[in-house]
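Per-chain numbering from 1; labels A, B, C and D assigned in written order.
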Amino acid sequence: MVALSDLTPEQHRLLSEQTIELPSWAFGNSGTRFKVYGTPGTPRDPFEKVADAAQVNRFTGMTPRVSLHIPWDETEDYSKLRADAEEQGISLGTINSNVFQDEDYKYGSLTNSDDRIRRKAIDAHLHCIEVMNQTGSDTLKIWLGDGTNYPGQDSINARQGRLAESLAEIYAALGPDQRLLLEYKFFEPAFYHTDVPDWGTALLQVMALGDRGVVCLDTGHHAPGTNIEFIVTQLLRAGRLGAFDFNSRFYADDDLMVGAADPFQLFRIMREIVTYGALDKNSGVNFMLDQCHNLEEKIPGEIRSALNVQEATAKALIVDEEALAKAQADHDVMAANGIIMDAFNTDVRPMLAELRAEKGIDPDPYGAFLRSGYLEKIREERVGGQQASWGA
Amino acid sequence: MVALSDLTPEQHRLLSEQTIELPSWAFGNSGTRFKVYGTPGTPRDPFEKVADAAQVNRFTGMTPRVSLHIPWDETEDYSKLRADAEEQGISLGTINSNVFQDEDYKYGSLTNSDDRIRRKAIDAHLHCIEVMNQTGSDTLKIWLGDGTNYPGQDSINARQGRLAESLAEIYAALGPDQRLLLEYKFFEPAFYHTDVPDWGTALLQVMALGDRGVVCLDTGHHAPGTNIEFIVTQLLRAGRLGAFDFNSRFYADDDLMVGAADPFQLFRIMREIVTYGALDKNSGVNFMLDQCHNLEEKIPGEIRSALNVQEATAKALIVDEEALAKAQADHDVMAANGIIMDAFNTDVRPMLAELRAEKGIDPDPYGAFLRSGYLEKIREERVGGQQASWGA
Amino acid sequence: MVALSDLTPEQHRLLSEQTIELPSWAFGNSGTRFKVYGTPGTPRDPFEKVADAAQVNRFTGMTPRVSLHIPWDETEDYSKLRADAEEQGISLGTINSNVFQDEDYKYGSLTNSDDRIRRKAIDAHLHCIEVMNQTGSDTLKIWLGDGTNYPGQDSINARQGRLAESLAEIYAALGPDQRLLLEYKFFEPAFYHTDVPDWGTALLQVMALGDRGVVCLDTGHHAPGTNIEFIVTQLLRAGRLGAFDFNSRFYADDDLMVGAADPFQLFRIMREIVTYGALDKNSGVNFMLDQCHNLEEKIPGEIRSALNVQEATAKALIVDEEALAKAQADHDVMAANGIIMDAFNTDVRPMLAELRAEKGIDPDPYGAFLRSGYLEKIREERVGGQQASWGA
Amino acid sequence: MVALSDLTPEQHRLLSEQTIELPSWAFGNSGTRFKVYGTPGTPRDPFEKVADAAQVNRFTGMTPRVSLHIPWDETEDYSKLRADAEEQGISLGTINSNVFQDEDYKYGSLTNSDDRIRRKAIDAHLHCIEVMNQTGSDTLKIWLGDGTNYPGQDSINARQGRLAESLAEIYAALGPDQRLLLEYKFFEPAFYHTDVPDWGTALLQVMALGDRGVVCLDTGHHAPGTNIEFIVTQLLRAGRLGAFDFNSRFYADDDLMVGAADPFQLFRIMREIVTYGALDKNSGVNFMLDQCHNLEEKIPGEIRSALNVQEATAKALIVDEEALAKAQADHDVMAANGIIMDAFNTDVRPMLAELRAEKGIDPDPYGAFLRSGYLEKIREERVGGQQASWGA
């Protein structure tokens, strides 16, 4: 058992100030290539998504920002969307581009050998920067579906060169307080090669841009067996870990709730963050969710996910670092591992309930939300229209 | 170099008589969860799919059957579809059920704890058997999307029991000359557990049904590193290898053209088939393609795939089995492996051109088809309407 | 928080009676192909291994059996070894054969095409049965290193047939109260194909033998991404889950302490056991450790491992099964998963300390052992001689 | 069919000048953690290894260098070893350090927190540089077994820092014509984390050293599913691909003969090399084998491996690049992939036999070696003494 009073003031502050950014698209429908199942109450537009995101923040007290996806969240009046969000206690965060759902991008976007299409893809990003200027966002996140399905389909090398040129043009259009966040992914939607498949590639590309080029680590985007916390440390050492996309996976990019597949891994990741000093809100690392809720309810899914990250963080914070340093110096493998496991095996939920009480929110965010009647309300109200999903 | 005259009469017969069944859905559009790209000329109905399949057979001389997917290929008059196919020189083959694209199946079909939905899923299979009776098909192929996304979502054990009961009812409805072919898949669309994830599960389920229960091996449905040819041999030894779904994969179930990702693996698979005596048309093993053509042209993709299987088969047939048996008995690893590699490294394409000449078809099926003008014709004619795809 | 008093009498009994069998070889040195590092105090013979195993039982109160490996633990007087063990409060358990470390087995043992070598390998097993008769063991465990490194090196099919014949002869020599436990392994030491690579193969082989043929599931012996708890359920349904070899892995067969790499997976496995009713000591499932301690201290490593299994079991037992059944029936994915996670996130260590107090042992087995001075004693006493390791 | 006369003079030159460096340790015994099997005729010292390596060059005409491993190949008189090699027509190549087989390195070498051990590991490398000065080698290759087996065992970050410091000291001791070649490996012998697990880490470490820091790509050292040819291109683009360690794998680091597991992958790798212009002998990329021959004969294994690389290279050279560029520009996926496959499916062995005739060596290196009587000779002569293996 651990209580809030067991924490140092610094640990207390870090835990209390921790925030997680929510993705607007988590509130829309999603699915597999076989089927997208619907859910009653799903938002039909960005305003309804923002409203749902605000609910998560209302009950968890730790998700005060929501990322947008352009064009999924395209709207005529971003200042209205911004005001709407702020009224509900949250702000608009990272802007995500989307250059993987137009017929023109069948063979690539920023890497396409066809100048017209490449131009179009770059312009889509310039438009995103305009949106950023209206929403007050400071980060442009780029994930590309670019790649090839068959050996020989295109030149890996030439595509890498075109990518560098495209990114440079986009980067040049950013304001001095804006940064470019490049995400890598091992595979999918491309099957043979992905143009930004790993952290090494993403890092080389953003280092070539300048200081405001950073890397996004999506926890689901690695080969089987990859030690993700090692990559966290490498990107921190390089000063280029811009953000996380949290989610979890059993097989491929399953996009399940973070912490659902391997909670011990999430704890190990957060421990690298904590020990490196990157939990602080000024560290430059943005903690974001990027998940789908194919079968489960979406708002509860986001609440559970935020709590999972918070619990893993609390466990990471209570590791007895002094004892651990000694065990490591002594090469006492059993003792060192035991200290880590002791923190992981501790139930931190009562302490987090205390923290919430301190903040004046319900100690049980998940239950409180279910009891609030919000789900019933949106199921009733949001009838008709087109439910938002990845494609719309 | 190897020539047709180097083959024994038996090898010649086996190669000449080899056939591959095509999937109707390969001619429709397909894609990833992110996007389905269209292609001009894509069929709008099962009749146009059958016409395209007939083209593949016309040029390869080895694909005289086409599998249907119900309800994707639902039509009011199956006898017309059958007559249409036969007129073009092919027959209707395996009937595939589809219980993974209706809202009711969100939490399972044949394994669902809701009796109404399970009833509906069984009935969908009984309908498939009616279709079989009209098309003259002898095989009902079942692949399920059933599974769960999160630990605890449902009972693995209870679902396995319900699956057994459902299959028994379907099996009982089959005619004495019809068989039930159960396909397994490692993961997807379910993310945490799949109800028929491996050959062991499929085998136990069909053994419980009776002699006409057999297993379908889809080459893309295994964990990374799995030795697929080993499974081929195990299913042959058990007398339960009913069919292949050929395709290839670099990562997950990428559904690429068979032989595109690892031609050496395809050769090893065909060698197990050849040495076990399962290449013969009366072996009970049906060789089928099950692929998507997301980016590439569909008819050319099917032609190339059929040729890839044929080339792998020819290489498997020319292994010097006598010398190999001796090397194996001597535990001469280098010699044994060398004999295998020698066959694989041989260019069998000239010999297969000879075989085609013998059959009176163009020695170059791929080029001949492109020159035939068929693609241009369908691009022109098939305008308007709804292109067939996985969802329609 | 959960206390012993929260358990039902049946849950209490199951937890209290749970036992885990230790492997004698865990107390010897082990390593990788690159290097075997030594540790002061390592046993030099089976008697010292048994003494170490007895220490684990003394402090955990739940490891009353030790498995032997023949010839690693060969001794002239098994009755003395047995008496020695019993005097220290433990018994001799499963007998493991070893037909993978003699020059003769370079190309296989029970699958070898050379009759002389196959005879020798069968005889080695008959010898193990004699040892069983002397030690009172009821289980012969067979894990084979058999397989090939290169395609073509040998016939997969012929080897499978020879394996069946060899096993039949061994099985015939077993007494009516003895059983044959066959272990499968995905790969290693063979690189291209393993003769018993998966649960399907092991199951087919033991089903062909008779009722006393059962399968051993080693948690480290699967392809990346394999859902192990699914296999647990399949083997239980088939009535053939004979035993576990517990350990854990990040990559291949890393043989780390069970629960060290993925404690959530261990919990899920134990939950399938618990819900199937297979935790009971009369279930026929033997829970064994099979690990190496390359870097860490061996006795502490075994203690920690036993505790890890016990903690996972306790968490599995406290799942609110009634609420879970309802959530599953309602297809309420969030609730169902939440109930599972709630149990996993609970700290069961205080309850297990209670259980130990009830049994009259130290509530903190790990600390108590370290304080006992045993490690210092053996480091001092066991000087000279040849430390036991895999190869000796 | 393709003939030497079909090549351009440049293609002809590249193929004719291609060389591959052999590892001395391939001629010694090796095995798995379970067992190292011996082979009659295995060398007992570096002189016999060099003699065997010279045989490979004599028959293939393309392996004029042999890498040494220190201390495995430690000798009192390197100038004698060098003269010996040169007399037999080969030279001494890359020097490999070994800091993973001494008791002191149990918890790490260049990353160890114990200054004494880190000093010892650095000194071992300084000694290697002295050996280089005597042998005339220009490359110091560093592969480390460093890593941890359990989470918490040590600080990933601190170890990365110590590694950087250690490498800097070693780098500073190199002569102006010598380079430091750092090899990465996904896992093994460490199980939880490896200090240089991927190309990104290796690249960051060598970039910090200076221009003469380069990366070694071992084809067996990646996660399942990794697109290795992509990494080849990334390292070439960064100007840091120093060398290949060729081998092949089905599962982990199986160290099988290159081209044995996936010949199509080897072809794709060589195609990236060829199209980037890195095949030229002055490209700075050294092509080396790094394999074990656990079961198969060693010299024949090396010959086959060299030929496999040569065949893959020849296939890569004959790709119709002009037609391919057009197909790529047209986004004609089928045509582009077909052009690649056409080259891969071509039997280049007759052309390579021509090339050998041109060089005055036997067109069939493998058969000629077997007929030479060398194997029989060494089996007879090399009796007694200690066969070389990884540990000696």
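Throughout what follows, a contact is a pair of C-beta atoms (placed from the backbone, for glycine too) under 8 Å apart; a residue touches a chain by one contact, two chains touch by 3 or more.
By chain, UniProt protein names: A, B, C, D = Rhamnose isomerase.
Computed from a predicted structure; not experimentally measured.
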**Report entry** Chain pair with more C-beta contacts, A-B versus B-C
**Finding:** B-C
Requested in this report: Rotation angle, subunit C (Rhamnose isomerase) onto subunit D (Rhamnose isomerase): superpose the C-alpha atoms of these two copies and give the value as a multiple of 5 degrees.
Outcome: 180
Query raised in the report: Approximately how many whole Å separate the CA-defined centres of subunit A (Rhamnose isomerase) and subunit B (Rhamnose isomerase)?
Result: 38
Query raised in the report: What are the residues of subunit B (Rhamnose isomerase) that contact at least two other chains?
Result: 106-107, 149-151, 153, 186-187, 192, 224-225, 227, 250-251, 260-261, 264, 295-296, 333, 337, 341
Requested in this report: Going by the contact rule at the top, pick out the subunit D (Rhamnose isomerase) residues touching subunit B (Rhamnose isomerase) in the complex.
Outcome: 1, 224-225, 227, 250-251, 260-264, 295-297, 300-301, 304, 311, 333-334, 337-338, 341, 344-347, 349, 366
Report summary line: The subunit A (Rhamnose isomerase) residues in contact with subunit B (Rhamnose isomerase) across the complex are 30-35, 37-38, 100-101, 103, 105-107, 145, 149-151, 153, 186-189, 191-192, 224, 249-252, 254, 256-257, 260-261, 294-296, 390-391
**Report entry** Complex contacts: residues of subunit B (Rhamnose isomerase) adjacent to subunit C (Rhamnose isomerase)
**Finding:** 106-107, 113-114, 149-157, 160, 186-187, 192-194, 197-201, 203-204, 222-227, 229-231, 233-234, 236-238, 264, 268, 272, 275-276, 324, 328-329, 331, 333, 336-337, 339-341
